[in-house]
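One structure is given here, and the rest of the page talks about it.
Note that the chains are named A, B, C, D, E and F in the order they appear, and that numbering of residues resets to 1 at the start of each chain.
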Amino acid sequence: MNEIARPSGRAADHLRPVRIERGYTRHAEGSVLVSFGETRVLCTASVDERVPNFLRGKGEGWVTAEYGMLPRSTNTRNDREAARGKQGGRTLEIQRLIGRALRACVDRRALGERTVTLDCDVLQADGGTRTAAITGAYVALVDAMRWLRTRRLIANDPIVGAVAAVSVGVYRGVPVLDLDYAEDSDCDTDMNVVMNDGGGFIEVQGTAEGHAFRREELDALLGLAESGIAQLIRMQREALAG
Amino acid sequence: MNEIARPSGRAADHLRPVRIERGYTRHAEGSVLVSFGETRVLCTASVDERVPNFLRGKGEGWVTAEYGMLPRSTNTRNDREAARGKQGGRTLEIQRLIGRALRACVDRRALGERTVTLDCDVLQADGGTRTAAITGAYVALVDAMRWLRTRRLIANDPIVGAVAAVSVGVYRGVPVLDLDYAEDSDCDTDMNVVMNDGGGFIEVQGTAEGHAFRREELDALLGLAESGIAQLIRMQREALAG
Amino acid sequence: MNEIARPSGRAADHLRPVRIERGYTRHAEGSVLVSFGETRVLCTASVDERVPNFLRGKGEGWVTAEYGMLPRSTNTRNDREAARGKQGGRTLEIQRLIGRALRACVDRRALGERTVTLDCDVLQADGGTRTAAITGAYVALVDAMRWLRTRRLIANDPIVGAVAAVSVGVYRGVPVLDLDYAEDSDCDTDMNVVMNDGGGFIEVQGTAEGHAFRREELDALLGLAESGIAQLIRMQREALAG
Amino acid sequence: MNEIARPSGRAADHLRPVRIERGYTRHAEGSVLVSFGETRVLCTASVDERVPNFLRGKGEGWVTAEYGMLPRSTNTRNDREAARGKQGGRTLEIQRLIGRALRACVDRRALGERTVTLDCDVLQADGGTRTAAITGAYVALVDAMRWLRTRRLIANDPIVGAVAAVSVGVYRGVPVLDLDYAEDSDCDTDMNVVMNDGGGFIEVQGTAEGHAFRREELDALLGLAESGIAQLIRMQREALAG
Amino acid sequence: MNEIARPSGRAADHLRPVRIERGYTRHAEGSVLVSFGETRVLCTASVDERVPNFLRGKGEGWVTAEYGMLPRSTNTRNDREAARGKQGGRTLEIQRLIGRALRACVDRRALGERTVTLDCDVLQADGGTRTAAITGAYVALVDAMRWLRTRRLIANDPIVGAVAAVSVGVYRGVPVLDLDYAEDSDCDTDMNVVMNDGGGFIEVQGTAEGHAFRREELDALLGLAESGIAQLIRMQREALAG
Amino acid sequence: MNEIARPSGRAADHLRPVRIERGYTRHAEGSVLVSFGETRVLCTASVDERVPNFLRGKGEGWVTAEYGMLPRSTNTRNDREAARGKQGGRTLEIQRLIGRALRACVDRRALGERTVTLDCDVLQADGGTRTAAITGAYVALVDAMRWLRTRRLIANDPIVGAVAAVSVGVYRGVPVLDLDYAEDSDCDTDMNVVMNDGGGFIEVQGTAEGHAFRREELDALLGLAESGIAQLIRMQREALAG
């Protein structure tokens, strides 16, 4: 690793302090407040005994996600999407990503004809909200599955593996892990990576914001992401054991 | 007070435990997590150096509010208003109420040509979200005014008095204070009262849900509200002194 | 009563001239043009042999209301809500109020599984449109019930009492009845009261627009409302006898 | 003219009784209730001292129209367009037609940089609402122009001619004038014609609803329209003289 | 015919070069690229084995149309209607016209309970897009019917006649056929005419854009339209024989 | 390369036949019909002498994209987004991707304060519409820049490099280039790659649809993409030289 001064003072391959707090609210079947440093996302899992039309009668369940930012979760206030009357492109893109990521760790046949909706609402944003959301939503999803099993609504655990996500980027020429807002804003390349606990890639989304990135930068970023996600999956496991 | 068994076990004239936590998130000029029992509302105050068109050039400021419930703040999941593409009638009604209530304690000329927006987002609902929102938003508003004064953006304190709110209702024939969800659902009459620290009424909104209420019931409810709000204003003062 | 000069020249406890004209249009099951002075609202009651989803199969009916102002019912033209693509918060708030008020006088089981929709469209506005709407809609609703009974679609009258509404306010320090637009605009406190013919309160909605109102003002306003509504209910009865 | 039994009992070339009532509401610069038989449309003309962007600074005014039907103006209740969140295609088509028709009789340079909006709201529908609207809106427009001249806001009359409209159709093989709803529903061909007082055609919109119409039918319909519109223009003149 | 210099150099009674290209795209049951000079419209016919609610169980089919312009089909870019969130009045008016015109040539009982949707998308606009769309959509519709018959989904041909459309107008005092954009913009009167192959009129929509048109002008325009449509129907027949 | 039988019969590392047709429509400053096999996308570049608000007065231009599919570009008809009243999440995601990709090859300062909008409308879809759109839009953008230079509206070429895109995926265990619809639907992993002519990566978006992909699969896919994009950039160059 090269020497750089990250605004956060972290080493290039260090995550921010991560906290996973289960049972944060009481109505949802799973409810997790996840923090990646100053980024805080409330992830709830809600079970509904119906499926979307396209799955009706097929014996399979569905897992989907919605994402939102509270208007003042950010440094300057953003318009409330409900008041503007539509969700923006960024919101839709992120919630589609979260949904795909979580479906990748579920056996939808074992879930049966029901839907789990993961609501990821950002209480405070400081970069990496989508990766924190995926990491926390996984824990909420596991809690919802336990809830279903406790009530004997399902026989077998539909969870087929863990899923977590992290961002990586090239900050002033150096690949770094888990960007906060200050780093992200000043970054040439930004990549979000979703992986499972078998070391497989579920999503890789990299964007060159300044100049294009070279193949070797891409390789270094993927390596950083692999190590960060391995740590996150360990923390998820500890939280779920708690 | 008659003897009744409230689901909550409280005496008819008792508030739920109230908690007012300042500085809950860090970006907003005021940020308060208010709890009335299990009801938890995040109230942020955001300062914007602009006013709506109808006030431009008049030397006065504006105070407005927006309200939202996280989809799983309630017992069963509600559709996300941003996804449905519009705010419902109940939401609009509540945010108009919050805005009016807070404007009643502000000297808009002392505020100058700027807008303070109070975002009240319900993290967990158990009855009384609008009254908790008003009570918490007042504290967030005071913090935002202090922020403005610290930066010498305003010379005089625009706050002309405190404002708090509480619900009262007739539960199984007995007037009770500060209804939780179980009580509210099983209540004949429901009233939300907003008052200031001078004992003046700012809003009174009473609705007969079962049979109509008699004048003496109305009187008893107003009395309960007066005593509850006096306590809430004391708690706001303590929180602000902290 | 104190002496004041109301813009209208009326005594503090006088209603405006009220007119209730049944059968104003011919398609609806009930159709009433109600005038409170220069305020004119067309109230139609439409019977539909279906109920909303949440009532299907429960053996109960539903009563609901919609409210609108013609664009030039007011002194300056307002945008047409259909053209703007949504109903504003004030509109939604008023139509929810009208619906609640009318449901309070109906035995929904006697109505059977059908819906009555009360459309209240303001042809000319001069203050008090919501109270005129409630007062007129009650008469249209009774006509629709008679229409159902004449056709033997229902056996028993679902109307369990009369409902009427009036506004009251503190104008230059004096409580006055049935505010017109000039009085309403210049008023410190404004309250809309809905009552039934048994003297019970159905809705009380008071708002301090200038300084907060004291308990004794509230009491005086409620007294004025009681006397005004008693007169309105007499006029409804006469109109229905006509 | 062939002998037929029109549902209305009218001769093939007879209009329904027409009534043009000026000053129907009091806020608008022009306000006309027009009746073609049981069809009743309230037409208001509102003057606004602004023009749309595309005309700013050109020294010309604008005349535009909006059209709406009250939900229960028709035999069965129609959804309120404001509640559905958009105006339907039929509504947009009709209001574009009314706007074009009225612009055809105005010298927009003499009007100066202001807009006149004609709101045509159907209180009761029985066929021919768009032709009644055009005929009544013309009178409201003239009243608004007189209002402007009385206040010396314009020097010369911008009205360059009268405009009226009528429907014609082939009912059971016979061309008839001014269709009511029963005739319109049972009609093979339906045509709306707008003309000026110089005998010129402004709009001709014919639609074959059953079989296509032949050239000689078209000729007969145009003849009927010419005679009907001549009568309507006479009635407008009388109303304006009143 | 008077002598005039049309911008296009055509004689007053000449169509632009017309091209009808079947099978332009491969997924639709009928797919036609129609060109009227530089105006190019892609018309696809899609068969759906369902009907709208109002026809369910009646043994009849439905034919409907949608119309759109690509944002840069025109000389200056127009906003994308999908991005603006609604279809404009002109779009709705045109697609209603296309739908009515095509339904006029179909025996909906022979079609059976299915819907054919005609999507008419303008790739390049140079005047007359709606008339080109009708003329091309007819050919796509015939292809879709052939597709249904080939698969033995219907027994009898639902097509009861051909339909085509053309615009006519008075350009500098002279009636001309098939206006291109330059002519249309500079035209006093503009009429769109839809006819069938039996010489019957299906739609006549004439608008005076400058001064009103006289009866003899109307007659001349209808004569031009008759001759133009006869030619278009011949070209449709040739294209379908190809 | 392993041996597999792709549905298309192509070798694993073969592109579909690519065609880039400039000047497809005549109004736009750049207009390209690009085909990747049966996928056909019309890409137009429109120049507007304004910039979005956030860039006003900064001396920089903007490049943005919009994407749409004609309703019957696909095998079964999709609802028209303009009729549904909003663009779906997939549409917004794709048009954001196209915009970012094209901005990566433009010196926005050299462009000056103007906007180029790239409209990418899919006439026929058979997989890879977004990659075809990027590849074609680049050529349309270059044509628009030439148009600006010919008119001396800009002094220096704002294009700083070429951009093209291709999809790659793991089909039945074998990495393959440029998936058509049949392959894409039956594919475990799908990746879209955007690169410039310097071999730099601009976007990498990979999604595991079945099981997660391993690092070595990712490497193989990136290699295929590099070779495919090199060919596409050659074809763009030839098209632009033509």
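One rule holds for everything that comes next: a contact is a pair of C-beta atoms (placed from the backbone, for glycine too) under 8 Å apart; a residue touches a chain by one contact, two chains touch by 3 or more.
Protein identities per chain, from UniProt: A, B, C, D, E, F = Ribonuclease PH.
Computed from a prediction, not measured in an experiment: that's the story for all the values here.
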item	value
Shared chain contacts [chain A (Ribonuclease PH) and chain E (Ribonuclease PH), defined touch]	F
Path length in the contact graph (chain C (Ribonuclease PH) to chain F (Ribonuclease PH), fewest steps)	3
Copy-to-copy rotation for chain A (Ribonuclease PH) and chain B (Ribonuclease PH) - C-alpha atoms, rounded to a multiple of 5°	180
Inter-chain centre distance, chain D (Ribonuclease PH) versus chain E (Ribonuclease PH) - centres from mean C-alpha coordinates, in Å	28
Centroid spacing, where centroids are CA-atom means, of chain B (Ribonuclease PH) and chain D (Ribonuclease PH) in whole angstrom	51
Two or more partner chains touched - positions in chain D (Ribonuclease PH)	85-86
Successive chains along the ring, chain B (Ribonuclease PH) then chain C (Ribonuclease PH) then the rest	B, C, D, E, F, A
Partner chain A (Ribonuclease PH), residues of chain F (Ribonuclease PH) touching it in the complex	86, 88-90, 92-93, 95-96, 100, 104, 191, 195-196, 198-208, 211-215, 218, 222, 226
Chain B (Ribonuclease PH)-facing residues of chain A (Ribonuclease PH), complex	25-28, 31, 38, 40, 42, 44, 46, 48, 66, 68, 70-75, 77, 80-83, 85-87, 91, 117, 119, 121, 123-125
